[in-house]
């Protein structure tokens, strides 16, 4: 692929993640969104057409149903793959496994989401930790929102030589806002049945050296996840040294309680005020003034916008797979600039 | 004021309504946002500067405090008034009364919000119902979100000769999302102590002929209000005739359950997908397929985005007060085009 | 059946309603709870044994599974029916239809819940409205919580000659508390797709003369339903006359906002304070000071504890079917005394 | 005080804790509830009369207001103190400090709640940890719900020689159910501004040797607190050894996910099914099957019913202060038997 042509990208599945990935691709100078594939005929895929994205039916039956419902359809997923260099799979868990066979049959590079197992692609992706390993591969897996946040933060501590082991409690929102009329929990807390929860081992698919154990619980809100960490450091470090370690990541945003950014809803409101699409918080928002060091122990908490945090990673993964950019930091800078990342502080 | 110069508008109070009004003014071709006045030093007014809005302190102490907090301040409210033709007051209830004296002292036209009493300005504004009466006045009051929605819908029925009397049950969200960490209700419903609630009489400040009685209850969610109506019509009308009556309003959007737009959260998600700032729903979203006629009785429900619905009315009120536009429909068309209103259907 | 022997009652299904019915039967002097049938081996049916209720497996496989799980089992549903005069079916919708065949085969009188269709038994029961028609029948259906409250209140107005037509908006809680970890809605409102909702026609299965139309919406809380009514009366009546009409029902409790009973959670707390089992509110709790008359129109709201309100009706239905008590008011007095109904005012 | 006479106890403040303490005292064979003092005239203190508790006005004005509101009043707080050996203060924070002066002036032994500082009494009470130190004292402080649960669980590990240090994340419910119409948080999480939260140091007022650090966050539900712990043990221990350590406390109840007790709401439902007053869970409910050991690290979670957990401690504190019972385990057994503690397993 010549450096002057744009990477042609397909998005399969136009749901909560797919629509954000499509928007993000459309904002990259070195990429073209060829189109999006989906199955429904309700309001959601119709929005794709409103945004002038080409819409494809996942199968020919889907395309036919869309046409019968007066929707503009450009063809099927197979047609879409025919015009694309890479496909980002944003379909639900069960469906993705079958899609992978199709992508392989068409010889297309592909990216799956964190809901799939590591083995599906043999590579798990977080830009700051495993970009290099993805260069030129046929496929990779962008890990889940929770795991992405864990890897971003713990790798920052590791780069500073501070990380010995990390123990986390993860408060998981119960459902996405757009589905909160169909499911969710009400006025209760629902602990995950087993300890440890799966996020620790999942982080180790990106970096096997991480000593991390997590416990998880579902909480009755729709905005974002919230992680609390108790970290054993290799030695005592001053608070400012720890904050500097986190500052080495362009995708960790230090926020402050004493500026009024004191709860999940307030930080989401700031995102809306900044004009971010869907009020998306792509960064891990970590409270700088709340963070505390006690001897060689470190305590902190951060917010994870589970719909948004994997979007920049997905964009970087596209560049890595195609080999168009072999320097992770260059790719991340381009992605950050296109999405407004780094611009959070007020 | 010559038609070629822009109307110079000040916004006093940069909160949940003020920031939306400021954004909307900035989008109008015939208006200039001179600046916004506020009092805080937390993250919120800092966003104004990020958007390149000029920021003024409400009083000189406020301006000083802002400067000490390293914020960029252009002066005080009085400085702001000196450069403006009209001021939109978006301050909290108690504060607004005092501001009115200041506006009068400076001889500035002004708009207050629905929280103020009708008597403060002597005129209550909903564009489709009372634009003409506001032309050239010194001041008007843009009525509350609930009242605005009531007037928009009942006037549409009245214009079609269908309205005899209307009885409504109003489900009011308990707090705005950005304040939901500080207040709200949890796992309960809180009926208003008295029947009727104040919205019926308030609608009569716009149109004294409306026969309308409402009951209200606070519900534990932050997204929007929801109104249910039982209307006695002047005669039987087919459902389609009623829908046509509502279609005469450019600020009522007919939505459909059978397209999946089946709950408040889904409609808000559509707003986000359409790229509306703050996911704002400026229209009354009325479910067309749910609406039912039984003889001479009419039943329907609609959603009211209480942060957004008064924004277009405020823009129209600015044009009416300055006398720049004497045709309500022309003003509304300009406002609608600038805000993307009319574009909701997918 | 001789008046000196107790009515032998079986309860099939030991869930949210079944366990309350069982407790209530155990409190009646003229009834014996023969036992309860269920299917699970989790904590719930184990509670029956803790309360010294005899536990039966719904089928022999269920009984076997219970025995394997070290639970005390007295036999199967068929064994239970063999010892009983009446069975109260409290199983989920789908299951009940099949049970009815079994009850008929065993020649047992039975009561089904409001989830079943009227046709299943041909008679729908609310004690104050249709007790007489159930006397000596083989079966009846105790209508749903919402319908029960509608019939109780509208019949009171009808008895006073005041009812012409009633239009209601029903705020339905989204799930029961004990299931709120598995389902529910979050931070949204979900209108029912169609108007009218089914409760109006359902009330007419008890009294075909009622002119009643309802609209319904799911709200994000677990405590109780809340109904708002707009009633066209036959003539003007003073507020006190209307309250007196409601006072003719022993199962409508007039409560007052100005005593602090101002929301669903507060009234539930009062039930807990009074020592009611499961904090149950058997009465319709109607706010007396909120109620308003405007000419010949009447407006009011009340709370419906959907787990509790049908319990006293079920007890009365048992007496009616067996013909043990042919005077509705005598049965109701016994039921009320045993459950503490009439004792709500503080 | 002779062993044959009953301890005469007063309760000052008939709110969420006071009413539970009063009920619990009334259930003890060796105590007499002399009466309760309060200030309101709404429904709440009226319930005391319904329960045949003597009601006193906090001050003479309060008693007068109660009489004017047709309430039965036995006198003032001072009258109540005159007839009592011990007073349990259950008034809000600000009020309690002033009350303490009154109790001292009257030479009455007294118990304050966990909201007060340790210094107010110089002794902090958890039955299993500090009963002996309270014997014969003039006063003690029953520590808060969160601290009580921490001391109960960590002391159990300490007695088994397993505790080195404990790091906890505390999910705090936002408000009590009966006040959830007046305050609370909605669809968000609100982290405490500082780490560590106050509960660690507070636990050290009971046992200075505990090495415990906590972080806390408010969550949008009203049922109970939930604690997650990561404990460094002195050595590896098998899971069963750890469970045995917890079993040494009669006020820790081991519950199981695999019995369906999988969330806060389900465990509260079990309390209601067991007929506990106010559905109270006096025990720390710790999930046995979720608990996990990894080498010398221990991970677990438990539920804290913040309204209920301090009630048995308060009863024991009464016996300790009066010196009536000098053996902690004997007092606890009496309290447990009277309240049904130990009876949770199904």
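Each chain gets a letter, A, B, C and D, in the order it is written, and its residues are counted from 1.
Basically, a contact is a pair of C-beta atoms (placed from the backbone, for glycine too) under 8 Å apart; a residue touches a chain by one contact, two chains touch by 3 or more.
Nothing here was measured: the structure is a model prediction, and the numbers come from that model.
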{"item": "Repeat of interface B-C, chosen from A-B, A-D or B-D - more than half of residue-number contact pairs shared", "value": "A-D"}
{"item": "A-D against C-D, pair bridged by the larger set of C-beta contacts", "value": "A-D"}
{"item": "Chain centre separation (chain A, chain C; CA means) in Å", "value": "48"}
{"item": "Chain A and chain D: spacing of chain centres that average the CA atoms, whole Å", "value": "43"}
{"item": "Rounded Å distance between chain C and chain D, as computed from the means of their C-alpha atoms", "value": "36"}
{"item": "Residue numbers of chain D (touch at least two other chains)", "value": "177, 180-181, 185-188, 190, 220-222, 262-265"}
{"item": "Chain D residues within the chain C interface of the complex", "value": "19, 40, 42-44, 46-47, 50-51, 177-181, 186-187, 222, 259-266, 268-270, 272-275, 277-279, 346"}
{"item": "For the chain C and chain A complex, residues of the former touching the latter", "value": "174-175, 177, 180-188, 190, 220-222"}
{"item": "Chain C partner contacts - residues on chain B that touch it in the complex", "value": "167, 169, 171, 185, 187-191, 193-196, 213, 215, 217, 219-223, 226, 228, 230, 257-258, 262-265, 287, 289-292, 294, 297, 299-301"}
